[in-house]
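Worksheet for the structure shown next.
Order as written gives the chain letters A, B, C and D; numbering starts at 1 within each chain.
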Amino acid sequence: MFGVQRFRTGMSRSWEMLRQRYFRVRARTEALCATLTAEDQVVQSMPDASPVKWHLGHTSWFFETFVLGARPGYRPIDDSYQYLFNSYYEAVGDRQPRARRGQLTRPGLDEVRLYRKRVDDRVASVLGELGPDQISVLEVGLHHEQQHQELILTDVKHLLGTQPLRPGYRGDGEHVPPRPAPPLGWRKYRAGIVWIGADADGFAFDNERPRHQVLVAPFQLASRPVTAGEVLAFIAAGGYRDPAYWLSDGWARVQSEGWQAPLYWEQRDDGWLLYDLAGMRPVDPAEPACHLSYYEADAYARFAGARLPTEAEWEIAAVAEPPLDEGNFADDGRLHPRVAPQGDGLAQIFGDVWEWTASAYAPYPGFQPLGGALGEYNGKFMCSQMVLRGGSCFTPRGHVRPSYRNFFPPEARWQMTGVRLAKGV
Amino acid sequence: MFGVQRFRTGMSRSWEMLRQRYFRVRARTEALCATLTAEDQVVQSMPDASPVKWHLGHTSWFFETFVLGARPGYRPIDDSYQYLFNSYYEAVGDRQPRARRGQLTRPGLDEVRLYRKRVDDRVASVLGELGPDQISVLEVGLHHEQQHQELILTDVKHLLGTQPLRPGYRGDGEHVPPRPAPPLGWRKYRAGIVWIGADADGFAFDNERPRHQVLVAPFQLASRPVTAGEVLAFIAAGGYRDPAYWLSDGWARVQSEGWQAPLYWEQRDDGWLLYDLAGMRPVDPAEPACHLSYYEADAYARFAGARLPTEAEWEIAAVAEPPLDEGNFADDGRLHPRVAPQGDGLAQIFGDVWEWTASAYAPYPGFQPLGGALGEYNGKFMCSQMVLRGGSCFTPRGHVRPSYRNFFPPEARWQMTGVRLAKGV
Amino acid sequence: MFGVQRFRTGMSRSWEMLRQRYFRVRARTEALCATLTAEDQVVQSMPDASPVKWHLGHTSWFFETFVLGARPGYRPIDDSYQYLFNSYYEAVGDRQPRARRGQLTRPGLDEVRLYRKRVDDRVASVLGELGPDQISVLEVGLHHEQQHQELILTDVKHLLGTQPLRPGYRGDGEHVPPRPAPPLGWRKYRAGIVWIGADADGFAFDNERPRHQVLVAPFQLASRPVTAGEVLAFIAAGGYRDPAYWLSDGWARVQSEGWQAPLYWEQRDDGWLLYDLAGMRPVDPAEPACHLSYYEADAYARFAGARLPTEAEWEIAAVAEPPLDEGNFADDGRLHPRVAPQGDGLAQIFGDVWEWTASAYAPYPGFQPLGGALGEYNGKFMCSQMVLRGGSCFTPRGHVRPSYRNFFPPEARWQMTGVRLAKGV
Amino acid sequence: MFGVQRFRTGMSRSWEMLRQRYFRVRARTEALCATLTAEDQVVQSMPDASPVKWHLGHTSWFFETFVLGARPGYRPIDDSYQYLFNSYYEAVGDRQPRARRGQLTRPGLDEVRLYRKRVDDRVASVLGELGPDQISVLEVGLHHEQQHQELILTDVKHLLGTQPLRPGYRGDGEHVPPRPAPPLGWRKYRAGIVWIGADADGFAFDNERPRHQVLVAPFQLASRPVTAGEVLAFIAAGGYRDPAYWLSDGWARVQSEGWQAPLYWEQRDDGWLLYDLAGMRPVDPAEPACHLSYYEADAYARFAGARLPTEAEWEIAAVAEPPLDEGNFADDGRLHPRVAPQGDGLAQIFGDVWEWTASAYAPYPGFQPLGGALGEYNGKFMCSQMVLRGGSCFTPRGHVRPSYRNFFPPEARWQMTGVRLAKGV
């Protein structure tokens, strides 16, 4: 049922617009792979990450399974792809184990690209015949594909950034003269009963609904994310060596995995370097810190005498006033958080870094998962994960909303994650 | 600061009453070990459980470290005990690794009992001199010891119930004629802004504070916990074999650990048996189901077309009306949940089984951990655990409150945990 | 010192012959990769296997490090390759961890091929200037490269044969009409003091030396390897379910890894299939069984009322009379063991399958490892491995000798390993 | 068939003598436990070790199963003991998993002692009726029990020596004034064809048979085991940090387990201490080094420019001349290797420390395991283990023979193992 309203509104658009959007999203995925070799696209660097080729196949499988496959008499393009490119949909059937997605040297990259094309052709040919429910599912598929665009970047960064040569993914780009981060300010918000979540109009994932009221005490939110320089101060103060700052599980991780800094940071004789998608370079203290786990975000907040915002607080702030800036998204090509703009307002609330919240990922009151196999999309992960908000420099522009809920386990570091502090009044 | 108010109120009591309470709690711990051999008290059956002897030492260490040790010039009874009996207080120093508590054949049980006695003697001798803060800490120590009384029962049950002979811990007790469970009813509660959490008066753990307002939609709560018979129906319907009911992590557990029924259930040719602390015996379908993980609780709720209550909903219901029954606590000696009483009202809201809530364990708004090392008591576990409410048949009577928050990871099964369903209106 | 004699003999050859041999071996390695995609060559299917690209780089690194690098003033082609392509030579320096060789998407395949070419050019340019010791090391390098040619085949088979599509590596080849295996005969050998091992002339690895005397009791050796049909009988008799046939460690493997048949066998409704490098096809009972671990070889021998030969027995038999056949080597292109020839004699003693011996891999009396870092080539693995003899259909023709000692841990199954039975007289 | 000869000889002894020997051995086992608490006897300190109580039960189970159980109509003392005290005999049935022997708090120690007594009573009552085969098995049972006497000491040492208090097992004993180790001499042995192994007369385990000829080159054997002082020199020379000395698997262990010295050694500011069964005390450089793995023995030998002897060499030397000393066995009560005696001859060839040989544990030519379930006693372990010879200060005097073959995996350190060097001539 979800998305139907959206479809009805959408009826005023021509089918052509939908078609154009479909192909724009699909093409963007492929454009992300332009600088990658076939070898780069087949390897899986760790069980949590997936090979790029698998992302290419899986996003196509999604349209084939849930849009095309729902049509009477549909014959799959290749039966084996049902197994190979299913991610986690138990209702659809067995699948290649996640940790072994990287063994799939076959089908080769060319075949997977061909699969994409064949899916696209079939989608194009039926687009005009889709009913509202199928349009809704297609809509989900496009947002799903955008999520995988972000995952391609995170997974490629892990693949390239943890192999010995640390090769770059993008060229160096224009030179940005160093500039200082703006001072940390605090934005104040009033107590009240407020509505959060997505309303019935427009696209949203099922986990953003239903829109509902929450009671919030007065709070303050930092005017910008925590910077690399602030994390350097945490490191210098022994933050990674003092259990007083850490959750118990976090401290266990610090010790078992030897965390001494955010992921992709390396200490050399003359200071800290980091890997970004252009290669290794010195840490710029003015930039937002990224690749922090929830444990690190929480520990830093404690060190700073603050806390993380709840997801409701975050959402209230995100809609309370116009953001100071548009935010830095994947389309901007920098693929690393930028120094926050100077000025009075809430900076970088969208884009740059996903912001860990203090909220465990849970169903909203009255939550209804999508019907059918798509019901597994979000709901079955609502345990032991934390909500992140706002999108990042790896997110496609236009993909996130104030009500958008991302979620990862508290130990995850390979996502483009950062910290915005909160405190009471 | 917490507990100070309690102490001031308490000034009207004589010191003698506090002394009596101290010795009553301490004696109760030892009474729980009366039927155990020295061998039973030294072995650790799994990393999550602790040997009884360790519990005996640790609870004494708690008083020695935090009450006696805070006094100027205090000399420890045995330096090695600081290491051996520290549980997880990083600020206090190193400690025997949790998974290796079972290797401590020395000090022997007699020495640990002697340690208890020496701590008791010293506490008794200084009791009259303690200031309000130290009285507060002593108070924490008594509640802490009660928590370990429950852990002794859970850990002993695991030790005895997973070894081949399945020896009993208690005698058979009186014969209770079988009786049916009352039908499942639904209690209705109105929407509103309500206060939850402990106020400043009286004892409460830091995690129950501060008392604060929450906004709650109208909801219904089941009149009694889910019964073993209802779980039998879930099993018979293939509940443990169908991923549709399960959270993703839960389903992974079902498969990797081969769950087919609650912990301590065993299928024989002629039906299901369970181990309770008197030994193996047939499952009584009328009794509340216990030893369910959060994953199982959540899966059963989905199967039943309901959900788990939030902790706020639970707390609202627990204070909304007088409970139908007093609840079955450890002092009652049955050490297994009893069949719910017939009648109109909320049955077994306290005692019998800890009830999983849908709420992840998190700090209340404005949460302040205790000062000093005791700040590690609760706060550092506020991640990846779920809140349980209400106490169980393993809990000492009088230990729990409506605001009491217990917490365990979603996969934990060896605690005395059960399920109460909720749903919207 | 080793190889010097060989070189002296070799002096009668022209340098040109050595040069030709070098390029023939090097070209053969590349020819083995002709049907593989770049994706096939970068992925690592398990920690024990290596990516083809890594083999290509490592064999070149071997010549660069040990032949070119020994020359004064030598400047490496790329410093990072010292790290990336070192296999296990501690004396040479750090290296990419074995289990993470598959993460190296960079340098890309083209760069590694270029590296090969640059090494070849440099070797060619100095070949005429090499002294006898360096010639010896070059000789080792050529035999080393042949070993990796076999590993390329075993590792590619594992990569392709354990991914869902089971793609073939070679075309189907000519049709061979089915024919029966010859009946199992027993060849008798007398007791005596015999010489085994390589003498000082000609090339041999250090582990084949020194030639020395052993005392051997009379024994019998099977006229051919155990066939797939004989293993089918073992399976049918419950051999994989009865611990009586198995070494204790072997039985533990059977259970923990669920072995029910040799590696690459799959049971379907209508019988057993196997994967060979042309794809899936029915098991031919007449062919030698392959991809058996030592545990399975030993269990089968016990089932058959026989035992495995010692390596001395094997070597005695291998030189006692001319083999019945030339053996099936990698150059023959079938890449699977063939049905043994009919006739009176010792069949398939070379080629087809490596034959597990009952001998643990240990130094011969008076063993001297090669000098320098090459001393790590063989000696440091002389523990917890079993000796295999005779080469296989994955081995380059001409690579093995009667004294040749291959070795793998008893649980290894991905090598082209089979069984020849022995018994006393 | 084995032992029959022994029985025939034994016929001249009275049954009374056998009875006395049985009870002497059984009593000795119990005497070893005299200083242990019930707690000490139930705990399992690691998967490779067993609780003392389990040893007490298992050795009794052995007599019950293989001697009493072979008699028609025998009814077991307790059916559950068949499961609880079976070690590894697949043919006998299922068993408590080895790694969980330490969970058996029930049956309690008193019950297990009672079980011992009841088995003893039954054995005594049938002793006069046993036929030669059953006498043979009884004989095996007595030697088996002596093996477990040694294991009790090794396992108790691990239990006590790895818990924080490092409690002693025995009293301090008499003061032995320090004395220097004799200088290392070399004993020379001629080449030849020699017989090794046990002949048909007298008791021996199946793995010592058949007696057979081996061809041995001339060799030299060290006049005494390697001393702690010599190992200190190895440590000081960086032996534990230099891979050049180590087998590949050994070096991996050094790194993964952080080996820096033999097991039970601890470095303090003022030097090295070790734990022996009387507690912690300084390392005496003159004493034989013990608790070395095969990897360490082999690495030390390489460091010393020598090698380990083969088991044939060791056995030849052990019978070539009368030993210089009787050797220090468990009965002597010191329970630690003593400084070697001065004098010309082969010192400490028996007792003090088990001596690692370079020989992998394998069947002798023509090896026949015992019939029935006892066939699992030795043969199924003949893979991936190394032979040790000579007995130790933990071995009961009279238990070992020149032909006696002990065996452990190369990484084992908790046994009373040491090193005797060998070299060629």
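Convention: contacts are C-beta pairs under 8 Å (C-beta built on N, C-alpha and C of every residue); 3 or more make two chains touch, one makes a residue touch a chain.
These figures come from a predicted structure and were not determined experimentally.
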Steps needed, at fewest, to go from chain A to chain D via touching chains: 2
Required steps from chain B to chain C (each step between touching chains, minimum): 2
Length of the line joining the C-alpha centres of chain A and chain B, rounded to whole Å: 38
Rounded Å distance, chain B centre to chain D centre (Cα mean): 47
Residue list for chain A, restricted to those that touch at least two other chains: none
All chain pairs that touch each other: A-B, A-C, B-D, C-D
Chain B residues touching chain A - in the complex, by the definition given at the top: 88, 90-91, 193, 212-215, 217, 243-244, 246-251, 294-295, 298, 358-360, 362-363, 365-366, 380-384, 386, 410, 424
Chain C - residues contacting chain A, complex: 37-43, 45, 53, 80, 83-84, 96, 102-109, 159-160, 162-165, 167
